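Letters A, B, C, D, E and F mark the chains as written, and numbering starts fresh at 1 in each.
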Amino acid sequence: MRNNERKIDELRPITIDTAYTKHPEGSVLISIGETKVICNASIEDRVPPFMRGQGKGWITAEYSMLPRATEQRNIRESSKGKVTGRTMEIQRLIGRSLRAVVDLDKIGERTVWIDCDVIQADGGTRTTSITGAFVALVLALGTLIDKKAIKDMPITDYLAATSVGVLPDGTEILDLQYEEDSQAHVDMNVVMTGNGQFVEIQGTGEEATFSHAQLQKMLGLADQGMKKLFEAQKEALGKWGSLIGEK
Amino acid sequence: MRNNERKIDELRPITIDTAYTKHPEGSVLISIGETKVICNASIEDRVPPFMRGQGKGWITAEYSMLPRATEQRNIRESSKGKVTGRTMEIQRLIGRSLRAVVDLDKIGERTVWIDCDVIQADGGTRTTSITGAFVALVLALGTLIDKKAIKDMPITDYLAATSVGVLPDGTEILDLQYEEDSQAHVDMNVVMTGNGQFVEIQGTGEEATFSHAQLQKMLGLADQGMKKLFEAQKEALGKWGSLIGEK
Amino acid sequence: MRNNERKIDELRPITIDTAYTKHPEGSVLISIGETKVICNASIEDRVPPFMRGQGKGWITAEYSMLPRATEQRNIRESSKGKVTGRTMEIQRLIGRSLRAVVDLDKIGERTVWIDCDVIQADGGTRTTSITGAFVALVLALGTLIDKKAIKDMPITDYLAATSVGVLPDGTEILDLQYEEDSQAHVDMNVVMTGNGQFVEIQGTGEEATFSHAQLQKMLGLADQGMKKLFEAQKEALGKWGSLIGEK
Amino acid sequence: MRNNERKIDELRPITIDTAYTKHPEGSVLISIGETKVICNASIEDRVPPFMRGQGKGWITAEYSMLPRATEQRNIRESSKGKVTGRTMEIQRLIGRSLRAVVDLDKIGERTVWIDCDVIQADGGTRTTSITGAFVALVLALGTLIDKKAIKDMPITDYLAATSVGVLPDGTEILDLQYEEDSQAHVDMNVVMTGNGQFVEIQGTGEEATFSHAQLQKMLGLADQGMKKLFEAQKEALGKWGSLIGEK
Amino acid sequence: MRNNERKIDELRPITIDTAYTKHPEGSVLISIGETKVICNASIEDRVPPFMRGQGKGWITAEYSMLPRATEQRNIRESSKGKVTGRTMEIQRLIGRSLRAVVDLDKIGERTVWIDCDVIQADGGTRTTSITGAFVALVLALGTLIDKKAIKDMPITDYLAATSVGVLPDGTEILDLQYEEDSQAHVDMNVVMTGNGQFVEIQGTGEEATFSHAQLQKMLGLADQGMKKLFEAQKEALGKWGSLIGEK
Amino acid sequence: MRNNERKIDELRPITIDTAYTKHPEGSVLISIGETKVICNASIEDRVPPFMRGQGKGWITAEYSMLPRATEQRNIRESSKGKVTGRTMEIQRLIGRSLRAVVDLDKIGERTVWIDCDVIQADGGTRTTSITGAFVALVLALGTLIDKKAIKDMPITDYLAATSVGVLPDGTEILDLQYEEDSQAHVDMNVVMTGNGQFVEIQGTGEEATFSHAQLQKMLGLADQGMKKLFEAQKEALGKWGSLIGEK
């Protein structure tokens, strides 16, 4: 039995608050257990230089943690004067994942900036960010529909992410808390769509390795967790949720 | 009459939530009107090099805004690779203000890091940060008393901040919202202690000037606003509030 | 009695040399006591991006100290790879102060760069910089009149700055030397115009506070010091001085 | 049929030259098709601060491309003044992968620096780097055995990496060249050990997704490719190869 | 007698491989003794901003060493976040030297980027870079002739570089290896053209000085070494070599 | 005839003011024609890490120009966040040159920081810096003798620098002004000692070359110019000058 009587294939409680702050086109506070992330989506009416003139849009993401989101205070990246490798990896992952379910042609020459700011961390900040960012993105695109700037919701399917791993005793588990994550021999992040396709799989042995059988077991757990995440997203999205995947 | 039927000498509504996130020794979410700032205080058991060996503590502050805390999205300072002049000015102001009411000798060789992260901005983010940071600081020092690491609360008085200004029509007003702030000819931040002493006065004519009489009028408004701020702090602080200023 | 038999309400000797170096449109060496600053004003025939197309000009300032302007050698900011918070605060203050007495519409789309380089520091480098920079600015604008690029002197009033403070024994003093400054409990910089209006007031308790009465006393001293500063500026400016504030 | 009559489950030709440059403890030039990487391993007799005093060693990797390793010249990261996110991701991957097969306790307090410098790029530079770096690492550790600084080869198993992907027509292929890589809908890097365990799986849909069946097919291709890579490593390693995985 | 029975006026063996990597317009691996440098020349169809609109071309150079090109591993400049003074000096020298024999008007508005990457260092890396870069440059310009983008070879003469120095015992020597270089009291780099003109002389006493007579002796040695370098270049250049200096 | 009726072998007027600012151990304002440089020497009682424990001292130099030392205003290197290649080259040259005439063993574990800040530039700023820095250095070392921290003046000979060049018409000239410098085909900086030895020769053809005969002629002019420079230094140094080169 895990912390809080959680079962090995059980997600932590999920809450998704929308309209969390007033300025962004889409603003979400997502909590998965004790991990809390503000996901804001901002629409800018132009695209980066490498995209100009193609009539297509772009989605890009940034990720950060408040210095004391964690047990120990971290130095701000702005004070260090540079973004760490871990942050870059995460923000590239978030952006790439979201783009897999967006029809960029339908957005027009606009950029959606996704800002994921972790205010409290307890494991799974990158997967929680993706799950929350998806909701913020849909809400922001909804404002474009409301303003009649675009006609259809340019989202082809739901998208969420979760983590799975292998504990030192060999047990495969779903949705790792910080403490579990720091002990796990294998840590895998899985990003999937509503119809069960993979968008991204990143499995890593931490000074350890894993077998084909363990991989399958972990993928099964991830698949199972996704259902709850999509439900929570659907509920948070209200009317916009039903437009997803429409032709 | 101002927005929301506010009078010229009236503060916006104040709320101060404590224990806002779980990791910091002191964690506060302060809202003054629509301006919302997370103020976290973290205790580190050592001081910066220039303070070592003096048996004294240190208080330092950092300030940041979420990219979309504002109407227009701002580029992250970590992406720019440097902290702007405005941010530096504000974090120096917060740290200096707090140190004016702390007996650093009583803290021992510890640093209290104050992190003010603005999640929604509507004018007065620096004064709101100071007012909230004071509460987070006292709470963090309270944990040292609880752990018997120090004996007395090393805070000599309450401390809060507010803004005052002069509108284009010459009216002096208290607690400027963003819209008022961007029009004002004069903008002044005042930091004061519970017994009515000044800690910091920063009055600036924005391509304008102000007279001695206007200065006096603004200082009077500030003085008036302080009372409400100290009340809100006292309520948020509970038992720790009564230890402030004790010998 | 202070150093050099100076009275508490007495400025140090002021000298302002013009045409100090040959390239800048306005070039001044100002000494207030042992504090010496080269203030150069350079005119550039365009404005920064955020000002373009408005037909208005811009004034911006930079501030630096030679590494050995001080008792201890300081590391160059170019070697550190960044400008410190203190420097940014000062250069923002200088630019903002000057803009308060300039009619930017009359300059046309030009930028005046003000460079204040402290070659010897003994307290009051920022206020000395403002006082000297004003002279360099007027001289530089004079070259535009000489070249018939503009018709009138676009300066609405004289502008100077000084420091006042409170010593540990409670005495309020005018124009602090380095040694006094490092002991003072309160340090206040005041920027004023020729007709006695305030442009900027920055009063700071250094781990201390100050009362309303002390504030008034300090403002009185500042007011008194301004007269001498305006005289010295007038003398240095020669014919250009008489055009200031003309309609 | 692919370029050069290559089959979909066929690796490009592999060559591994050892002792490529004279200074490093291990120096390898690896070519997989037209992708050429210099992999140097350098031994330093101390570990980074966070590892000190544990009696263990550390393996860290850096990755770079010559500016003209690619079709278009890239700006040097030293000129940009920062390492890109892509480079950071790759160097973290290389280091993490190698550490999975090293018994760090047996190295003593030493760091092995792995430098992978791509001199010619044609797809698969990160997997080629891992495969070559493994050889350089073993050779460098061999010098420690030769100098009797350590007793046993602290490598628990062979380690290599390859890429697999899905072409737009749905075909799964092994070992993508640059041209294939830039068209592929799915791109997956797989790092495996000699006994068939996974160390790292990174599968990414590029604005696309992939099914469970496609994942299995790709993993099968990767598994197949590994055999050739281990053979080439074994041949390059000579006597040192036979010590791998010994107790 | 020097290392490898070399005489004091004898160059180390020279080899120049062309078409070393496939992407650059000119790609050379030059070895002088154990010093090995990859010199790549890349043609870009535009010039830097300060050259635009003049109908002329530009040549610029960058220089770097692999971290383990040397006996001790060096930290990458990309990790440091800045290019060192030594590197800047060298790349400025390479670019300036090459430009002395190029008729920039004949290149059209194109930039030739010269990248010199030292893969193994044993003294004389900057002079070896210049000698190799000249070959890469001519080959790259040759591709422009082949594509009929330009008519004539815009190179006015051969160009090579070598080092000379004075050992502690007073002997003047040609082409210093690393060990000799680190002992030498005087170190001089000489860049010359095929017809015996100087392009650059940089002679430095390392905490030492040198006489007029020593200078003459060193220049004589340099002159002698040049002949072999020009021969090696001519051989490497094949048909393109004969176009050099043609009207 | 040159500007101001100067002959081709004639230096511009030299003035060297000592004790120019009050804080540095040695402080000099040197003017050669219209080029004016403040050269300050600061003594620090420790050496950089790479020199520790050898009982020897170190001399290091920094160089900068006020933004408007030149006809066009330059951006500050602190604003750019990095030191340019030109600056690095110059400060390395100044430090290296001075060290050639200092007996570092006699200084003890001290660093002398030389700061050369150009306040007005009209050609020859680097050679003027060296000539002035030498005087500042001797004065600073003199304070060590005065304080009995060292016994003898650790300077083995006088040291000065000048520039020579070749004009487009082929004339060799001494001590180039800015206008001459920007036209010259060849530009050479020569650093020499009081007894006529070379410390540094840096001759550069600017998109041009020079013959052996021209080199000799330029060296002759440099030699001639040195005499005047040494006289001016001797006069400025007073009593300290006579201790130079004593055993």
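By definition in this document, contacts are C-beta pairs under 8 Å (C-beta built on N, C-alpha and C of every residue); 3 or more make two chains touch, one makes a residue touch a chain.
Computed from a predicted structure; not experimentally measured.
Chains touching both subunit B and subunit F: C.
Relative to subunit F, the most remote chain by averaged C-alpha coordinates is A.
Remark: subunit A and subunit B have CA centroids separated by 33 Å (rounded to whole angstrom).
Between the Cα centres of subunit B and subunit D there is a gap of 51 Å.
Here the spacing of subunit A and subunit D, counted between their Cα centres, is 29 Å.
Touching two or more other chains at once are residues 81-83 of subunit E. In the cyclic arrangement of chains, the order starting from subunit A and heading towards subunit B is A, B, C, F, E, D. In the complex of the two chains, the subunit C residues touching subunit F come out as 21-24, 27, 34, 36, 38, 40, 42, 44, 62, 64, 66-71, 73, 76-83, 87, 113, 115, 117, 119-120. Those residues of subunit B that touch subunit C in the complex are listed here as 82-86, 88-89, 91-92, 96, 99-100, 104, 188, 193, 196-212, 215, 219.
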